[in-house]
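Structure, as structure tokens:
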Amino acid sequence: MQTHKAKRVEIIIEAPMERRLTDALLGAGVTGFTTLPVMGGSGRSGQWTREGQVGRAGMLAVVCLIRPERLDGLLEAAFAVVERHIGVVSVTDCDVLRAERF
Amino acid sequence: MGDILALAGSNLLSPIILSFALGLAAALARSDLSVPEAAAKAMSIYLLFAIGFKGGAAVADHGVDANLILSLFAGVLLSFALPLVAFALLRGLTQLGPIDAAAIAAHYGSISIVTFVAASSVLTAQGMEFEGYMVAVAASMEAPAIVSALWLATRGPAGRKVESGLWQEILLNGSIVLLVGAFLIGLITGPRGLEDLAPFIISPWKGVLCLFLLDMGLVAGRGLRNARGILTPALLGFGILMPLVGASLGLATGLALGLIPGGVAMMMVLAASASYIAVPAAMRVALPEANPAISLTLSLGITFPFNLVLGIPLYIAIARTMTGAP
Amino acid sequence: MGDILALAGSNLLSPIILSFALGLAAALARSDLSVPEAAAKAMSIYLLFAIGFKGGAAVADHGVDANLILSLFAGVLLSFALPLVAFALLRGLTQLGPIDAAAIAAHYGSISIVTFVAASSVLTAQGMEFEGYMVAVAASMEAPAIVSALWLATRGPAGRKVESGLWQEILLNGSIVLLVGAFLIGLITGPRGLEDLAPFIISPWKGVLCLFLLDMGLVAGRGLRNARGILTPALLGFGILMPLVGASLGLATGLALGLIPGGVAMMMVLAASASYIAVPAAMRVALPEANPAISLTLSLGITFPFNLVLGIPLYIAIARTMTGAP
Amino acid sequence: MGDILALAGSNLLSPIILSFALGLAAALARSDLSVPEAAAKAMSIYLLFAIGFKGGAAVADHGVDANLILSLFAGVLLSFALPLVAFALLRGLTQLGPIDAAAIAAHYGSISIVTFVAASSVLTAQGMEFEGYMVAVAASMEAPAIVSALWLATRGPAGRKVESGLWQEILLNGSIVLLVGAFLIGLITGPRGLEDLAPFIISPWKGVLCLFLLDMGLVAGRGLRNARGILTPALLGFGILMPLVGASLGLATGLALGLIPGGVAMMMVLAASASYIAVPAAMRVALPEANPAISLTLSLGITFPFNLVLGIPLYIAIARTMTGAP
Amino acid sequence: MQTHKAKRVEIIIEAPMERRLTDALLGAGVTGFTTLPVMGGSGRSGQWTREGQVGRAGMLAVVCLIRPERLDGLLEAAFAVVERHIGVVSVTDCDVLRAERF
Amino acid sequence: MQTHKAKRVEIIIEAPMERRLTDALLGAGVTGFTTLPVMGGSGRSGQWTREGQVGRAGMLAVVCLIRPERLDGLLEAAFAVVERHIGVVSVTDCDVLRAERF
């Protein structure tokens, strides 16, 4: 099938920062992304789990497929939000179907 | 004194406290017992709705007390002031830097609605009433502490400006909106509305509170387990001292406002309790450099159980004595 | 007229409506108040089970009315017919293409069980009964509208065949199965079963409905916020006009069937209400080109609140007048 | 005999069984009806808490029976012994290898708390009491079967050592901790505590059980649908035979302990029932080579419905006859 | 450790289409896949969240690890299902342990 | 933006094994990982769904970003846990922001 080169960006970010991140992405013209729930994890700030939590605690994963040439804009927008915060950002090469959607 | 101990004893052996103890013990023993996040959130929505509604219906019943506005105002002031005290204590007692101290101070200036709910259940069991609008006072005390704390953290030369969207986010925090909204619904629909909803918001209430405290125990226990090494003796001391300091300020406020004995006790409970829902999220946004494990473990692992087990009966006994209640 | 306004007024200030308003306001103000998806689904399962069971137990109590079969049949017919009316109105009033118009028409031909539940609570408060089998009529009206709508959308030369698995999926939709199943369980176990389960399905029922409507308000508010620009004045008009047209057809059907006043009101409510659970999922499968935001915003953001606040008291008043009830 | 049939008949048409049947039918018909995982877990927490609490409060009320310790001991022994019987039967009747047979045997030596809960509801409906500490016996029977089964699976030359952390995990399993904890809370707070929580843990109990069984039916039906081809006639036979064998051993134990008729029936129910929560997870850790679909389908798809529909009334009738109860 | 080249396909699809997609995958002989929940997202059809939703709304993520030579069959099966629907499909190169499982 | 080469390891594992896996990761010095919930799936041992489940059933996804030179240690630790169990492990090349966090 016909596929096209793209980048898959995965941002694991604190839940209270979600709206700021998505607003920043939309502001940078990145209108396509998907948010996945996260159950728990571990990092330099220790281990955590979402079990039984009442507040807007924990992390989220935001996945974003994007044309390679738009990657830098995305990363800059995301970085401005996560800069002072815990969490991780990774970028993978990928191929997408239906490139007209991106 | 004997009275306080008797009350503390009977309080200690209530299903509510025992459920919390069960959760705590289970988590410390590494049991895999756990309450799903969605169930915990649903119970907290239920409790906020029920307590807010009941408060509103009570105000509708008794008429709006002239003291309502004054009490709200006093609550806001108290919430602004408490972080300053907490910050000073923390900087004096512990090695924490200003950011961490400010973050913790925000938690202690704000309030814990579950502590309020548990106290209302103890008061009811003793046939003591409190002003229905104390629920509104509780809501009014959630946010101001955050303002003080941010001022404490950012006043230095390196001080950053607090981002504008944050204020709206804090004031429209889900738990504030639900508490105030349910209060208004109770106020509008009054005793008739309360009667309508009683089989939902009154009868099963204590049972839901038990399961919710089971979950709180689990979360607190997990926190304590992961926080080994974080809690120094000085911090532990703060976690017990600060609620007593807060309760004293609450007592003075309650007496100055001329509240009824139950109301004075509730003002003490509010001042003594520390937030573990709204403030943590706000601190993650505003002071990301602060270590969230410290404040949460202190507030949920030390101060919450202290208030639940010893604080509430103590505050009630003091409120009784100071107001000259029988 | 004074009566309708009084009823509308007292309805407006009921905890149920106020809870919906609270949710709506919170979402429009961008509060982060939210009900977990699992809790919302659990409440909807509870409400479907309770309303179905009560309907079945009522039928078991009163005996199977000769009208039962006839009413089911009429409900199916009505659900088939309403999309044709809605489609014609939409094509006349708005600029929507046939696919979008057909998708919306399916929503309005089908029914909203929460509107039904809310109406039953208003009727009960007024001491009005309705036929227990109206629950079965409600279930029978969920699916036929989808058939008409797909016919409308695919009849052209470019018409595709509807995939076979879809019919089974629509008929065995979770909400239909639960409603019908609970109805049968109520029918089999009768008043004794109802007595057994009353502390679960009757006493706390209104309270659960409040929290469910709080969630509906939140979802509707979020939808309205995201749908700025989608809702033209013509669409808005349709969202108010169509329930009135539906209610009129429901009135005619109810009178023709000789239902008791509460039953006529319920038939009007069913015809006037628009689906927001079963039909949206079916439309995503069958008419993916239709914009789901339009139909959901219309049905949940416009027609549902309209029915809740004004429609229900209006339909009840009309049903009373037309049946000559006191 | 007529009695058993009458009881089975009335049992069959209870809302509880019908709810299970509804779930089963819906899943087999591939309806998309489903209960959210979080809601199912919340209901199971509620049921464990309620049944444990009630048992503890009953013991507090009646005084600690001298038989308590003896019954716990007997329960543990029974749970150790049952897997040996089940393993022998499976190896004789079916083609299963030792690992799969041992895994299934663990399920049948352990207990199903929902079967216990359903039986308690049938007993209550008939005005039969049972010893409050049967709840503690139930808890004591959850884990020993796992020990026997692991011994059966690993005794060969290829036997591996069981990893140390596993024992702690099994004993501190969430459902055991909650059941025992709630029992202790009930024991400590006694009839007064029970009265306090009655509107939560007694009144709505049967209704929650209905919805929980609806979910169990859905899960069982999905399991059966996916397990086509796995269930041979011999396995099916085992799924019916084993509960009868277990019930016989439970009967002997109950009679030897001198339990009251309801207690004997409960001992039979415990021995006859098969785990579907704690044991499956333990088996995944300890015997990953065993096919989980076989044991879960057998226990949840065959033995659970068998006990629910026929077993419980049968065991009650036998317990009555054998204890000479009227 | 011994690893083997494989492809990781991630399909973000509307929840009501889930059964159709998994049936199509199984029909194409793809028997290994994992479905992850999605909390919300944004795309050309706007922003959405799963919060408080009652119906089978929103999207899902289906992740599928597959031998490279079987990729085309999978994409064709998946494309037939998602073709008229919203959602995205991406493919990444990866290495898997225990190749005999694929 | 400045990025660094890293590996993204995704381990889909049985839920009852979660603690053993995370303990093994921490034991191998891998302190950064994130756990995502899984709704259902299909594999050689059949199809399953988490819907309505009461026990600790089903699978989980553990995602771990790691420096390339530490990959082998991670895979060995993970493999020791999943060896006898169902589930899959995949490794993807990626680039991460803020390499000092790994």
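Quick notes on this structure:
Chains: A, B, C, D, E and F, in written order; residue numbering restarts at 1 for each.
Here is the rule we go by: contacts are C-beta pairs under 8 Å (C-beta built on N, C-alpha and C of every residue); 3 or more make two chains touch, one makes a residue touch a chain.
As the structure is a computational prediction, the values presented were derived from the model and not from experiment.
Each step here moves to a touching chain, and the least such steps from chain A to chain D number 2.
Touching chain A and chain E at once are the following chains: F. Looking at which positions face the partner, chain C and chain D present mostly different ones, since fewer than half of the interface numbers are shared. Look at where the CA atoms of chain B average out and do the same for chain C: the two points lie 41 Å apart. Measuring from the averaged C-alpha position of chain C to that of chain F gives a distance of 45 Å.
Centre-to-centre, using mean CA coordinates, chain D is 34 Å away from chain F. Touching of two or more other chains is recorded for residues 36-37, 47, 56, 92-93 of chain A.
Multi-chain contact residues of chain D, defined as those touching 2 or more other chains: 32, 34-39, 41-42, 199, 203-204. Under the touch rule stated earlier, the contacting chain pairs are A-B, A-E, A-F, B-C, B-D, C-D, C-E, D-F, E-F.
Those residues of chain E that touch chain C in the shared complex are 14-17, 20, 45-57, 84-86. Residues 36-39, 41-42, 45-46, 49, 53, 168-169, 172-174, 177-178, 181-182, 184-185, 188-189, 193, 196-197, 199-201, 203-204 of chain D touch chain B in their complex.
Chain A meets chain E in the complex at residues 1, 3, 6, 8, 22, 25-26, 31-37, 60, 63, 65, 92-98, 101-102. Contacts from chain B toward chain D in the complex involve residues 13-15, 18-19, 22, 25-26, 29-39, 42, 199, 203-208, 210-211, 214.
By the touch criterion stated above, chain E contacts chain A in their complex at residues 10, 12, 36-44, 47, 59, 61, 72, 75-76, 79, 88-93.
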